[in-house]
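First chain A sits with chain B, and in the next complex the same chain sits with chain C.
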Partner chain A sequence: MKSSQYVHFFFSNEPLFFLEDLMTRQGGLLWVDKYRPKTLETLDIHPEWTEKLASLCEQGTLPHLLFYGPSGVGKRTRIYALLRQVFGIAIEKRQVEHRFLKVGEPPKEVELTTITSAHHIELCPADVGYNDRLVIQEIVKEIASSKPIELGNVHRGYKVVVLHDIDEVSKQAQQALRRTMEKYTSCCRIIMSAESVTRVMEPIRSRCLGIRIPCPKKEEIEQVLQKIAKKEGLVLPDCYANQLVTQSKGNLRKAILLLQVGRAIAYPFSQQQQKKNEEEEESWISSQETGWDWERLCYDIANIVIREQNPKQLCNIRNKLYELFCHAIPGDMIFRKITLHLLRMMDEEVAPQVCHWAAHYEYGMKRGSKEIFHLEAFLAKVMYIYYSHIHTQYSMAWMDD
Partner chain B sequence: MKRQKSSTFGEIAPAKRKRIHKRISESDDEANWSGQEDNVIGEELGDVTQKKPKQSEPPSPKESIVKSKKYFQKGPWKHTISPPNKGKKAVPTGSPESLQGLTFCITGVLDSLEREECTDLIRSLGGRVVSSPSKSVNFAVVGLEPGESKMAKIASLKIQVIDEDGLFDLIRARSTANIWKGQVETKTKLEETKQKKPTIDNNIAQSATCSELWTYKYAPCDLSELCANPGAIKSLKEWLVNWKAASLSQEGSKNKGKSSPKAVLLSGPPGIGKTTAALLVSKELGYFPMEFNASDTRNRAIVSSTVGSVINNQTLNQFGKDKTTSSVIIMDEVDGMSAGDRGGIQELIQLIKKTSVPIVCICNDDSSVKVRSLANYCLKLKWRRPLASQLRSRLLEICKKEGFENVDTQTLEKIVESCHGDMRQILNLLQSWRSHSRNLTYSDVLERMKQDGKTYEEMSIFELVKSLFSPGEWLSRRLDNYFMDPDLMPLMVAENYIISREASDLKKLVEASTSIAEGDIFNDLIRRQQAWNLMPVQALFSGIYPGQLLQGPFGDMIHFPSWLGKNSTRSKNKRLTMELQMRMSNNISGSFHAFLLEYLPCLRSILSAPLVNSKDGVSDVIERLDAYYLSKDDWDTLMSLSLEQKGHTELDKIPTATKTAFTREYNSRDHRVSTASAIRVHKVNESALVEEGESMQEETEVVKKEEDVQDMTLHDEEEIASKLVRSKGPSSSSKVSSKNSKTVEKGMRKNKKSTGKK
Partner chain C sequence: MAPSLPEELPWVEKYRPNKIKDLVYQQEAAQLLHNCLTSGNLPHCLFYGPPGTGKTSAALAFCKELFPPEIYKDRVLELNASDERGIKVVREKIKRFAQGSVSSAQFEGFPCPPFKIIILDEADAITPDAQTALRRTMEQFSKITRFFLLCNYVTRVIDPLASRCAKFRFRSLPMQLQVDRLRYIVDQEGIMVSDDILQTLTSCCNGDLRRAIMTLESAYCLARGSNITDEIINSVTWRVPDHVISQIDSNCLKICSSGENTLQFSELRNMAIEFINNGYPVSEIIYQLCEALIPVNHLNKLQKSVIMIKFAQAEKMLIDGSDELLVLMDIFGVLFQVYNEPDNVEKLIWLTRN
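== the complex of A and B ==
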């Protein structure tokens, strides 16, 4: 890759006219994007971290950072807010590029989407798949090894490389990152985001300041939802907000998206849903009317297992699994959804077995490559467990391996 | 309830299946678990306890699910109808010649024997089997659902009709009758011993030359001895005869254009006499053959120095007595010119252009990439596999010379058939058998074929799967069958284990599916760490063990693995999703999975809900699309990615009138298009150009436009800042993107085709 491609980003002054453009576009955005906090001051949740981040910026120089925590808690939002604090408004001017690059020897073509501004570049090496090592070795190193061009008032002496989903990246690629991180500290900072820190290797963790963003509290999510509803001029009944909070399971993004979907389908938020909530919260969550379409398909599968246990139904399940598979829904997510739903509907006595085998087959899936085989084997197993459970009510023999 | 779908069998099959299964399932009709899907769990509890004792009974046809997709319409259907009482009857062991002189014709599905087995049985007892009834046929063996035309013919010829039991009775009767014919037998034996005497002498003579390979011993030394491909040989001969005149006339009048090429390319499968023919033809016409084959290095330099020096030469012989002799170059195994012979083919082509001696090139496959360029400069002649009838007399002759006893034509035909007409292999086989014994009866051949592992070459992938699941098969044989296609077999087994009748035993089903899953782990180890020594382990887990557990007949037709097709759909959808994410990535936040699992379903409902009830929502939706730089095409993709069931998708809920209004409204407005997409479109288009090669003009123009846009963004800072290309309505880029999506679809279809072929 030629570095000349990059040069032009670092020359621009700080034109403000694009902000105008930003404002005009705001109207059509989803609420989750429209009301995303842009600065550290406006962050709603986890104030303790907000303070620490702000003080980090005041020091004038940043360490390498590793943000980790579950999905939808605001890792990326914090990264942007932090960059905004450090580099000012210029960071808002971002360009998306999709490139075809030749890397490695012999050269292989890889596709990569990057988001760039004058001060930072953002990429997700895991997107490249098998060749992620080459991307880290060549591209990240090349960006990191050159000094940023001085840009007057906001010059900080370094630029920032943001690497997303670093836990999805292969071991080799992580190895390749190790040295780069140390060697070019004079002109480059690396900020990473990950869902699970255990999949990030020790040497990388030790080179970064780890920042764990936990799930927001229920009240915090509810506050955010009420705030958005107020801005949009909606009446959001407490019980409805409560449902969203329970359903989102600490995922703020999901909560806001669900709120908007609920608004689009029916407003004012219906009375019926409130009633259901009063009756029994659990059943409402598992009912088939809510959740995303892929979640509902997972519930369907679990329901079939409970209802009937025979090869014909396993065939039926296979077709449904293939539907999920075709839409690239990740296997571990399917495992989780189905297992949780099964646990909700099955007797307590079989629950430990189901959990055990879910873990067993999911581990197998991670080691293998064809997800569907493992899912099918798991569901066949559950069928058998459940079948023998309801037929031999008294003897609770554990399955032998 | 899936009955309707079961008509996805071949054209004839459904009726057949139904009738056959009716017979089986009449007795256990109550056992149909008619599969009411909407059972409440409470009801089900009661039901299941009732069903339990019947579980071991074979599931009725209603049970079996038929996938709506079928991969091979004509392929496997006939194998799926197995004889109803397969393996349940005792097959009589008649005396070897009990059916001597009788001719049979088989039609329909027999009661306990597969068609093949029955044929083998009759042949091994000396009978003859023909495929269609004629006057010479003595008996017609008729099973279930015989062919109509055959039956009509049988009736008109008044052939005696028997069923399988009749055949068995016949065999038994005639074998006992043979004992009575004792006297006759002794007579024939006497005659045989008379014949034997000279052959013994023969034997002694041959034992001296035993070390010689038969392939050389019986190599044809005259054109008349070549059994097959008379047409091709004739045209080769003509070409060589005309060569001198043709090359002279070509030199004389270069402007005349096309005349017969200066080289010839013989192609065909191995062992059928291409090289031999080339050598013999050149010999007969008085040429001196010079052979270059894969044992010589044939790169550019060497070809030009060795062959190149020959093409302008005259042979020494020419100065001797026979002035007419000149050489001919035979380039054998040209498709074997590989990495080490870089540039060899190009050099050869150059030589062909200026040669003054005829060049004969020989290869196995004239459509392979390596040979294709060469083929343009050659006269192409195809060698076909010889038919059994063509080889028969020659083989008979050889067998007699070598002292085989009791050789009959049927036996030889079977050998030819299972060797696919490879004469060289047949001779090698015969020689190895000859060292054991002098007998060569039909049953001997079958037995030996099994030992030598020749039979399963004839099996299709569907039969291979069946053999994995067939009871009483040897482990080693199953392993061999598995390794006929170790890539496809795990998929085939995983696809079909579930329709085995034994699968109704849940415990076995669980064992099998778990084993398949474990096999997948090994597969990953093998591929990722190159641990090829684990192949047999994988075979055990993903093929042999499930087959062993669930051995027995299948309750349904065998399917081609759907994983292949689904996987390519998956990668297509993944790509589309990534593209959407890329367009939107300036405004959204979250990883690919977050986008896929949360944004997409949300966007689907938000972008469709306003359109469901009224047309007022149109501008709202367009505003949202614009905010995220999405086009109408993107909206379509978004909706197509829905996971809802067919008929209940978001798209189905929108009235058609609203849809058209939406399209009209969208086209009438100005839209923002992300440059990111433009760059991408440009890139993909390049490959599309190469692929299609048509409408070049038009598309390059569009591409140029895109390039202009890029240049602009490079130079004009304002453009960089806004990052937007304003384009109107169905503008150039949107056109291109729709074209682009079309090419993607085309690619998909191609993918499917290739997997289908597999």
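== the complex of A and C ==
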């Protein structure tokens, strides 16, 4: 549903090669989906929540829930597992529908993808973009206000609306959700997922139980990787597993995808390890730090800024930025990555300034429309700061604006 | 199925007050509504205040006491942000409802005054255009229709509308009243909870009673019949744990007292990354850090002012959708410099540039 989830993945070194391998040998299933835990008991990470969620279901008074945490930590998986616990096996019969709906006055046509089962409906209002308010006003309200149909013995008296990426929807849409959440609580529960709760308005937060899902610990990721490797009948050396864990930066989905890509490129894994060692040291470091190609490009950009500060290099950077945009990498991810790389390589003294300008220009980018301008302005600014820092021992660069 | 439904209601709905006299706090509004019940006189009203202070509850409870269920639908129109409320709706739906005359039928036990009520919930979300269209409607039909406007921010309701209403500010509920209300719910449900727990619970909720009740219910569900502990409360509130907040302050102190030669911003940077990875909401970090830093002694007035200005700027950036990690690192960058150079007035002031 979230288009950006897999996009970074396909911009990897050997996409075609990998795809071929995927289709022929592995039955066309990504391991992330194949080994996605289906029930609460089989969830591998965050056991502390598992029991609590189970007891929430038992009570029969499931509150509205909001799962929040960084991407790739299993928010969605947890929601499915919870629904499975509440409604039983019936939830597994899911249907994906692309609908064209007419909403609003005058009617506008919006395209919406929904996933439905007998007991729940799942949608991502942010997909609709500008019209998300209308979707919430009409569709969600309509679903929420009708009573659930009785189905066998799993009747619960309520149904569930799952709204993904609630932090991406507009303020008006969130406003529209407020009273809906209260008015129809007798027959409908709303479960939401968000990456950043800061963008979810206070009134919504005060209406639901927030469940924070932090990044899994390194050992936890390693365990999951080993488990998958075992099921696939692979030998996963500790050092390679370690490397994957470092690259994933706490993102479990990324770790699993990397493992599968690694499998497609070369097996046994130890060969790969050696191949890396033979290459020159610098590129080895960069591959240690990064997973996908787009991340490596960000690393290159940061590297250029540190090495040389002149207009020529800025042009060079522009090409690389365009390459990133061509592959539909969102601007804020580029911003984050480049800033982190810069901070790691820079002198500590200028770091606070770089942080300030990063936040400043990223803010500009969110409000403006052309992402490239703001990224370039930021990089030019960093070049300037760094240049004056190197060339005058007692830098006064903080004085000019 | 029907009889089992009321039990399924969350406590927030189950214990919503049904009568004006059940209303907690908010004496002025309660007084006015109570007077109206006896005299039948009612001005247009504007209720404003932070979430969870009982605005919607007051309006709904009042209407329920005023009209019997049989004619409730004819007399009360409730529109909230989940309904389309563009200018067209104001011109047609609201106007049509406001125009229609009312019957003078009387019902036993209900005052049933000869007017209708339109409740506009979340009025700050109505577009200014639509609000303008409402102006004349409000006056024209004031004989037979009264308006309740409910909103969080009174500044977002246009002045001409606000001046047509009697304004009531719904204040954040004092701790003790919240604890009393929670105590009442707990007694009704037959749960054993100590007063201390209720105190901690309310202190996490900034005067938002709905949030407090919500948290209480979640905590009760999670505790599964056993006693509710501080730990459970902490896991269900939105607050960032206190030790995380104090960690920021102590780390900054440690870094700046370790001598000028070893500037260690990277430690703060890693802390920022860790916070984001743990999923702590940055807006909440700012809010709690602000509370924590105001009373400390190791910062002078200038330092504190600079930090607070930075917080204000950062909050604005977050609301406008900036990246959380970058904003948090920006804040830490400023903290780092403020802690390091307490006497460099020029630089500190420069830090507050936008």
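Going forward, the second predicted complex is superposed on the first by the 349 of 401 C-alpha atoms of A that agree within 3 Å, B and C clash if a C-alpha of one lies under 4 Å from a C-alpha of the other, contacts with A are read in each partner's own complex, and residues count from 1 in each chain.
In this text, a contact is a pair of C-beta atoms (placed from the backbone, for glycine too) under 8 Å apart; a residue touches a chain by one contact, two chains touch by 3 or more.
Note that the structure is predicted; figures quoted are calculated from it, not measured.
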Quiz item: Clash or fit: how do chain B and chain C relate after the overlay on chain A?
Solution: fit
Quiz item: Now for A:Q175: first (chain B), second (chain C), both, or neither, which partner does it touch?
Solution: second
Exercise. Using the superposition on chain A described above, determine whether A:K141 touches chain B (first), chain C (second), both, or neither.
Key: second
Quiz item: Looking at the overlay, what does A:R367 touch: chain B (first), chain C (second), both, or neither?
Solution: both
Quiz item: Looking at the overlay, what does A:P352 touch: chain B (first), chain C (second), both, or neither?
Solution: second
Practice problem: Return first, second, both or neither, reflecting whether A:G72 touches chain B, chain C, both chains, or no partner chain. | Solution: first
Exercise. Return first, second, both or neither, reflecting whether A:M383 touches chain B, chain C, both chains, or no partner chain.
Key: first
Self-check item: chain B versus chain C - smallest C-alpha distance in the overlay, whole Å
Solution: 11
Self-check item: Overlap of the chain B and chain C footprints on chain A, listed as residue numbers
Solution: 367
Quiz item: Residues of chain C touching chain A in their complex?
Solution: 1, 4-5, 7-10, 12-13, 51-52, 56, 80-84, 86, 88-89, 121-122, 125, 152, 208, 210-211, 214-215, 217-218, 221-222, 224, 235-238, 263-266, 269, 273, 276-284, 314, 317-327, 329-330, 332-334, 336-337, 347, 350, 353
Quiz item: In their shared complex, at which residues does chain A touch chain B?
Solution: 8-9, 11-12, 15, 17-18, 21, 25-30, 33, 36, 71-72, 76-77, 80, 93-100, 113, 115, 124, 127, 164-165, 195, 251, 253-254, 257-258, 260-261, 264-265, 292-294, 297, 306-312, 314-316, 318-319, 322-330, 333, 361, 364-365, 367-370, 372-374, 376-377, 380-381, 383-384, 387, 390-391
Practice problem: Using the touch rule from the top, collect the residues of chain A that touch chain C in their complex. | Solution: 52, 55-56, 58-61, 63, 68-70, 73, 104-105, 134, 136-137, 141, 150, 155, 157-158, 172, 175-180, 182-183, 185-186, 196-199, 202-203, 205-210, 212-215, 249-250, 332, 335-336, 339-340, 343-344, 348-349, 351-353, 355-356, 358-360, 362-363, 366-367, 398-399, 401
Practice problem: Would you pull the chain B residues touching chain A in the complex into a rising list? | Solution: 33, 35, 37, 39, 41, 44-45, 48-49, 52, 59, 63-65, 67, 494, 498-499, 503-504, 506-507, 509-510, 513-514, 516-521, 523-524, 527, 562-563, 566, 569-570, 573-574, 577-578, 581-583, 585-594, 596-599, 601-606, 609-610, 623-628, 641-644, 674-677, 679-680, 683, 714, 717-718, 720-724
